[in-house]
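Labels A, B, C, D and E are assigned to the chains in the order they are written; within every chain, residues are numbered from 1.
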Amino acid sequence: MNILGLILFLLIAGGVAWAAERINPNAPRWVGLIAFIAAGAYVANAWAGGYAYANQYIEWIPRFGIHVILSMDGLSLMLTALTLFLGAVAVVSSWTETKRRTGFFQFNVLWVMAGVVGVFTALDLFLFFFFWEVMLIPMYFLIAIWGHENKAFAAMKFFLFTQISGLLMLFAILALVYFNYANTGSITFNYNDLLGAELAPDVAFYLMLGFFVAFVVKLPGVPFHTWLPDAHTQAPTAGSVILAGILLKTGAYGLIRFVIPLFPDASAQFANWAMFLGALSILYGGYMAYSQSDFKRLVAYSSVAHMGFVLLGAFAFLDAGDGAAGMNPLGMQGAVVTMIAHGFSTAALFMMAGALQERLHTREMSDMGGLWMRAPRMGVMTMFFVVASVGMPGLGNFIGEFLVLLGAFQANVPLTVAAALGVVVAAVYGLVLLQRAFQGEPNPDVPAMRDFGLREMTVMTLMMAALIWIGVYPQPLLDLSAPVIETLWITP
Amino acid sequence: MTSLAVPMEHVLLIAAVLFLIGFAGVLVRRNVIFLLMSLEIMMNACGLAFVAAGAKWGQPDGQIMFMLILAIAAAEVAVALGLVLQLERRFDTLDVDAASELNG
Amino acid sequence: MDLLWLVPTLPLLGFLALFVAGLFVSEARPLKWFSGIVGAGSVGLAALVALVVGMDFYAQGAEPQWYLLWTWMDVDGFTPSIRLYLDGLSLVMMGVITGVGFLIHLYATGYMWGEGGYSRFFAYMNLFVFAMLMLVLGDNLLVLFLGWEGVGLCSYLLIGFFHAQPENGYAARKAFVVTRVGDTAMLLGLFLLFREVGSIEVQASMAGARELWPEGSTMATLIALLLLGGAVGKSAQLPLQTWLPDAMAGPTPVSALIHAATMVTAGVYLIARTHELFLLSPTAQLAVASVGLATLLIASFTALTQRDIKRVLAYSTMSQIGYMFLALGVGAWSAAIFHLMTHAFFKALLFLASGSVILALHHEQDMFKMGGLWRKLPIPFASMLIGSIALAALPFTSGFYSKDAIVLASFDFAPAGWLFWGGAAFAAFLTALYTTRMMVITFFGKTGIEPHDHSRINMWGTLAVLCLLAIGGGWFGLAPVAAVLPDGGLGEADHTSAVALATMAAPFLGIALGWLLFHNRRINVDGLAASRFGDATRRFWFSGWGFDWVYDRVFVKPFIAVAHLNKADAVDFAYRIIAAVTRGLHYVIALTQSGRLRWYAANMAIGLLVAFLIVLDAL
Amino acid sequence: MELTLFYIAAAVAIAAAALVVTRLNAAHALVWLVVALLAIAVIFFLLGAPFAAALEIVIYAGAIVVLFLFVVMMLNLGRRSITRERLWLEPGMWIGPAILTAILFGEMIFLIASSDTGDAGSPVGPKAVGEALFGQYLLAVELAAMLLLAALVGAYHLGRRYLRDRREEAS
Amino acid sequence: MTGADLQALAPHLVLIGGTLALLLAISFVRSHVLALAVTLATLVATLFALPASNAAGARVIDGLLAIDAYANFFNALFVMAAIASALLGYRYLERRITLAHREEFYVLLLTATLGAMAMASATHFAAFVLGLEVLSISLYAMIAYPEEGQAPLEAALKYLVLSGVASTTQLFGMALAYAATGSMAFEAAFSAGSLLAVAGQAMILAGVAFKLSLVPFHMWTPDVYQGAPAPVTGFVATVSKGAVVALLLRYVVETGALGAAPLVLGVVIIAVVSMVVGNLLALLQDNLKRILAYSSIAHIGYLLIAVVLAASISGAPMALETGMVYLAGYFLMTLAAFGVMTVLSSEAGGEDAERLEAYEGLFWQRPLLAATLSAAALSLAGIPLTIGFIAKFYLFAAGAEGELWTLVWALVIGSAIGVYYYLRIIFTMTKTPAAEDVGEAREAAPAATERAGAWEAAAVVVALGAGIVVFGIYPTPIIDIARAAAQAFGG
């Protein structure tokens, strides 16, 4: 599987989409859609055809031992597939919403996704950081250009948070490489070479913290979450879909791929704090979600809560005896499944929010009400995805959250109990959302609105099917990530 | 070669005094012409210090630096006086404080 | 030939068909016939298959059967499988769910005919039946939990079925959230069980628990209490009972199916299913019995003061489930399930009959606006009457057999038998009292609103079948479940002793007093209620003993208040301060850029000065 | 003897320099500047650098100050400018700079005095200077030539415009 | 002076010859195009002379100038920046300067470049001072070059007077150092034991700090940037800064002046304060020239990480390499930013296109220019895909190598603040101008001016933008050259 080719394909498709605007303002959408479907088919084909670990290794900046190392294992594969799928969803969700500068819009969508694929596959720390930052800029443009009333502020906040945390990570990466260099005498950014780096415990702890903060900001975990509601509310629909569906996952991915394997002992030492932040995110995010009256803000805060589960599960280290810490496959798998399932459920809800805003020109739920009467299909779909995100068994989110809690319970009972209460809070905000927007007396001020058509229903149905599939038979996903998780915990 | 009677440190101190008088002039005067004269005093102080140091080591380098300073002073004064003329023309004054439109 | 999988699948298919149809058919042009046939038919077929499965089960010697569908997931030794388990207990439950469920569906085809969202209604109902079947058939606590949450969801959807009225939405949300509190406890129980035993398969983990722990072990108690938490929420027992009366906002068939016959008894099923765990913990059993008794009494008193006919029935349901809990707690396992079954019959009957009354009165539910209906609505009246005597447990009705067994068994309860027996018997008296009150006020006395009977054959036919079951359901007996559940010599209690006689007499006393109070008016009950103490008591009882009030003050109001206060997110405030400080610094430093040459020179001098200071400092 | 001469010259130089920065009339200040330069030339002489002393007088006092004088004359700074200068030069203005420079001076005394070797060195004759200048420092001289070229072009550009504008005004 | 010395000095000689030729050409024919052509020819010839100079091998000529790969790396940067400035300035002068007054500009440009080249090679106080003054004198005149308006004059005057104060301070410091050590050649001009020498070094560094516009010697910077005409500002921001940096690194390595603890402390303080204050000052600025001025304060503050690293013997190669790569990046992005400004200023009358409002909607009217300015801004912010990221990466690496964690932290904080105003520039360009909402018809209007615009300047700008991105993705060529030069440095 040619990963670099895949990334370049998306980048080039972005350029083509931009250029295509000169031919016809509608052309870029088709370019975007076809590009995502083609790329998705390529990945799906690799997955279906007895997927094998893919790896690419090209020299890049020899001065610092920097290489283009792109490799795709199970975890990367599923996240890449999710990325490409949600890319198509993002294109579809903005089909009629974006009327201006469609070319540049699709360009940005494609470039974000290319960056994300890079993030999910890069195994050279420099390259990883490279992609990590590259995906921000098009995202910034998406918010800043096509956003809503307060876009400048939101885009800036988004960028500042992620950029500042990124600088911390760059700092940590460099320090890690330097200390490894001091030990071994060779400069390398190769992930696999750095895995066994011997570090003094306190040094390892601070470096771990650098990575951790960067990823938790992106995740986002409380107390670094406040950029998310603003970014989401102001972003165009496609932006929200990408942001919630994919970009947050890069933070989760980073925790799983980098923080824990690179600094196993430091992570274990920090585990209780990380789990505490996870539980706090679940509760506080859920609570804040309840407090909101803006549809998108509510869903944004619910993302904080959901991603808290990832934090909780990923850091649920087990006691392996003798004071050593052991990996917790249950929690880790739960985190992975949560990532995927949350990608679908939240993307769908943001798509819904976007569709409502396009039709009603408001996100305030108090201006809605009784929409079920006017658009029953939208109502049903909202209900389904709300129920999914509330954690209904049989749907994807439940599997993730259950495994996380089950795993976390083995590690830290009080925090798990607190996190489990988040399930109740989830019910509160989820149902409030449904009720305020879709139930109750129809608001007489609301104009007649178009229900979902074939285009939207197709996408929604696909996401529904995905959630049910994960909820009923998650084994294919688990089988993909299981070998990866095993390798994460390397005892030197 | 006979040694000199004047200790270098004393010359350096004199130079420092001259330098600071010039500096004070730059800080106080508003008229550009006076600013430039103050600068000339500072330049001279530098030259004095170089010559003294060169004498101390018995090297010609100090005097050569003085000559270079001379050239620099001449060049600077030439351009600076050109600017003074323009200043008078465009601002109608020689007050440097008038030329503080660029700020923030 | 194993058809067990078909039983839950049929309603699921029904749901899917209705769901898909619902997406493409607007509510303005409903496919009523299609929806009705699919909705009721799928459950009917399921009932039929269940019957076949049941006969097959006994034909094969009543041995427990497993039926593996697929392994749900496999993570590091955690391998819950989707596997159905059939024994006497699940068979009875399956029978009740499909049988009573079918009857109620049938009734609903008539009842809901005039309402919007017909196909949506049956979609939800079918989904509910599916989830409930998964709950009772799953051999894995996770599958059970799937059903558990599924029925909760359907309950939510159906309570809020008429979603245009915001009150219904609130009631639905309340039901969902309150039960979720219990669910969370149950979830934690599962975690603990898995951590300790290493499995959450019901049979395997029960066997494991038996081996692992001696009787009275703390761990067993802890797990049992956590499971009890779940049961309490779902079954509307103290202290999570407050949602059930509000749940009456749903259409009446929903109340009959979910909030009387099936879902609310899931807690009873759960405890019966995990009885081996409870057997290991006398503390937990005492807790179960106490919860049951307390709920039983409080709900009975509350029922005594209600005005809304459905709320009377709701509190009655609570109290009857209290009986079941009591039975579970005192060790009368089979009696609990037995009462569960008979209660399903007569309470479904009562709800459906009251539904007919309500429908005839254009959705009027206040009993005090009814009256004198017995002549005008003979079929509902007869049905109500039969249901009531079964509820009051008059001899030879189904309710008698089951309730009698429970009350008598509680006398044998080790810690304080007479106390539990006394409470249970007193509650039987109260039950009869409020039942009589309800019947008298609704059907006798002055005529209130003029009724218009819309009953169709599918409605009164259903009532007739249920009447039969309410009367004769007792003859099913304890046999099917006795093989599964341990029974400490129950059913052989001495029916002639004073205790037994008193137990039997209690309902009659209640009826008599009720007749005197509410029909003959020999005792001035209104005057009593009007006195200061009486009024306070009445209002206290009417409000369900103030639970809602307390919860509102302690949980809901602060939650909402803080949410409003913190809408802008206090955490963000910190970042805003950082931003403001940075801006402030910018403005302050920008002041130094005054544009004045001499000021700039002065700063250079200061810089030089500081440089010298640093150099001198090094001396 | 030499030392006495040095102190006298130094005192003159400092006094003259102080007068330069405090005068109100630019022409007067220039005269004091010439005095200061002459005093410095004397010090150069005393330091055994007669060539430097000569250059100081010829180029500095002779050429550069005259350039100043031209401009002062050209700008016709008369009595009006003197009253303006008085206005600009309030006594209070001196306080800040005086403190600043005083502190700086204190620091400098400390720094210079701390390395007091008492060594005064030896005179360097014009020949040695000349040899070094056109030997080792040849490249520096070339660079100085380019410096003067740049100054020439710059002053030409600035001054030419001024003269042109004056002509246009006159006509 | 041997033949090899002359070969090594070839670029300088070519440049001087070209300057004289230009002067002659001007005195015979006043033709703007011809002046530009001679200038470009001279600069290109100089550029081609650089390899020849390199081929002569590293050498120090007369103890004044060291001609080595290090110096030539910077010389190449200066000459290329001069080429860019000449091309950018052409149309600007054409539109804004009277017919008879355009050509001297190129003479000054060439002499300024010569001064910068001398500084990159300087190993002696004399060469140091002279190089600096040749550069500065040329710049005074270039800044004051426009015939109208008060701003250029004010800028030039401030620059001249303050620079004069700084130069004299520096000269006095040199005199003190010379008095203490008896040598004016870098390698012997410092002794840590002598307080006089340390004080002298402090004064020299203060002078350098002024030229590099480090806090608290920074205040002239925004005013001069703002007052100077756009193409000159670009030149000032790059060549004059770059020359001083080149000199400073060589100076620090050769003198070992930062071996003295108080001096290191002073530099670290200056670095931290510059990073923070520079960025804070730029935060809410509305004038692009001033934003870039303030950002340059911060950027040179960042660069001091390399300077501090240069003080340690083992860190010197890395420090020099960092300085070279960083400056290469800095030249590209700064010139690109001022280039865009110049192109826009050349088209409009009145003041330069320096207000941020002037850039509203640029993305939609002039996508290439906007993309270049965006690339420059992102590069200045140090975002990947741009050379600025490589440069910042180098600083991090240098900081790690020297374990200068305080400075690296300051770098992180400074960059964090910086992101805000760089993004503001980009955001402004993406705004939909109010005019566009009125009707699509007006959108076409700016495109017309684009055709009539300064194409050669636009080409330069786009080339610079491409350079930012290309070297941002594949920096190895620059790294290799810089590394070789750093390894060869000092034998």
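Assume contacts are C-beta pairs under 8 Å (C-beta built on N, C-alpha and C of every residue); 3 or more make two chains touch, one makes a residue touch a chain.
This one's a predicted model, so the numbers in the text were calculated from it and none came from an experiment.
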Practice task
Quick one: how many steps at least from chain A to chain B, stepping chain to touching chain?
Solution key: 2
Completion exercise
Relative to chain A, the most remote chain by C-alpha centroid is chain D
Handout entry: Closest chain to global C-alpha mean, per-chain Cα centroids
Key = A
Problem - Interface ranked first by C-beta contact pairs - result: B-D
Exercise for the section: Taking CA centroids for every chain, report which one is farthest away from chain E. Expected result: C
Handout entry: Centre-of-Cα separation between chain E and chain A, whole angstrom
Key = 42
Problem - Interchain centroid distance [CA atoms averaged], chain B/chain C, Å - result: 96
Handout entry: Whole-Å gap between the CA centroids of chain C and chain E
Key = 77
Practice task
With chain centres taken as the means of their Cα atoms, state the distance from chain A to chain C in Å.
Solution key: 37
Exercise for the section: Could you list the positions in chain D whose residues touch two or more of the other chains? Expected result: 96-97, 100-101, 104, 108, 111-112, 114-115, 137, 140, 144, 147, 150-151, 154-155, 157-158, 161
Handout entry: Of all residues in chain C, the ones touching two or more other chains
Key = 590, 593, 595, 597, 601-602, 605-606, 608, 612, 615, 619
Practice task
State which pairs of chains touch, listing all of them.
Solution key: A-C, A-E, B-C, B-D, B-E, C-D, C-E, D-E
Fill in the blank from the handout: As the complex stands, chain C meets chain A at residues 19, 22-23, 26-27, 70-76, 78, 142, 145-146, 148-150, 153, 156-157, 160, 163-166, 169, 172-173, 176-177, 180-181, 183-184, 187-188, 190-192, 194-195, 559, 562-564, 566-567, 569, 571-572, 574-575
Completion exercise
Given the complex, residues on chain B that touch chain E span 8, 12, 15-16, 19, 22-23, 26, 32, 35-36, 39, 42-43, 45-46, 49-50, 52-54, 56-57, 59, 61-62, 64-65, 68-69, 72, 75-76, 79-80, 82-83, 86-87, 90-91, 96, 99-104
Handout entry: Residues of chain E defined as touching chain C within the complex
Key = 157-158, 161-162, 165-166, 169, 195, 198-199, 202-203, 205-206, 209-210, 216-217, 219-220, 222-223, 260-263, 265-266, 269, 277, 280-281, 283-284, 417
Problem - Sites on chain D touched by chain C in the complex - result: 96-97, 100-101, 103-104, 107-108, 110-111, 114
Practice task
Using the touch definition up top, name the residues of chain D that touch chain B in the complex.
Solution key: 1-3, 6, 10, 13-14, 17-18, 20-21, 23, 26, 29-30, 33, 36-37, 40, 43-44, 46-49, 51-52, 55-56, 59-60, 63-64, 67-68, 70-72, 74-75, 77, 81, 85, 88-89, 93-94, 96-98, 100-101, 104-105, 108-109, 112-113, 115-124, 128-129, 131-133, 137, 140, 144, 147-148, 150-152, 154-155, 157-159, 161-162, 165
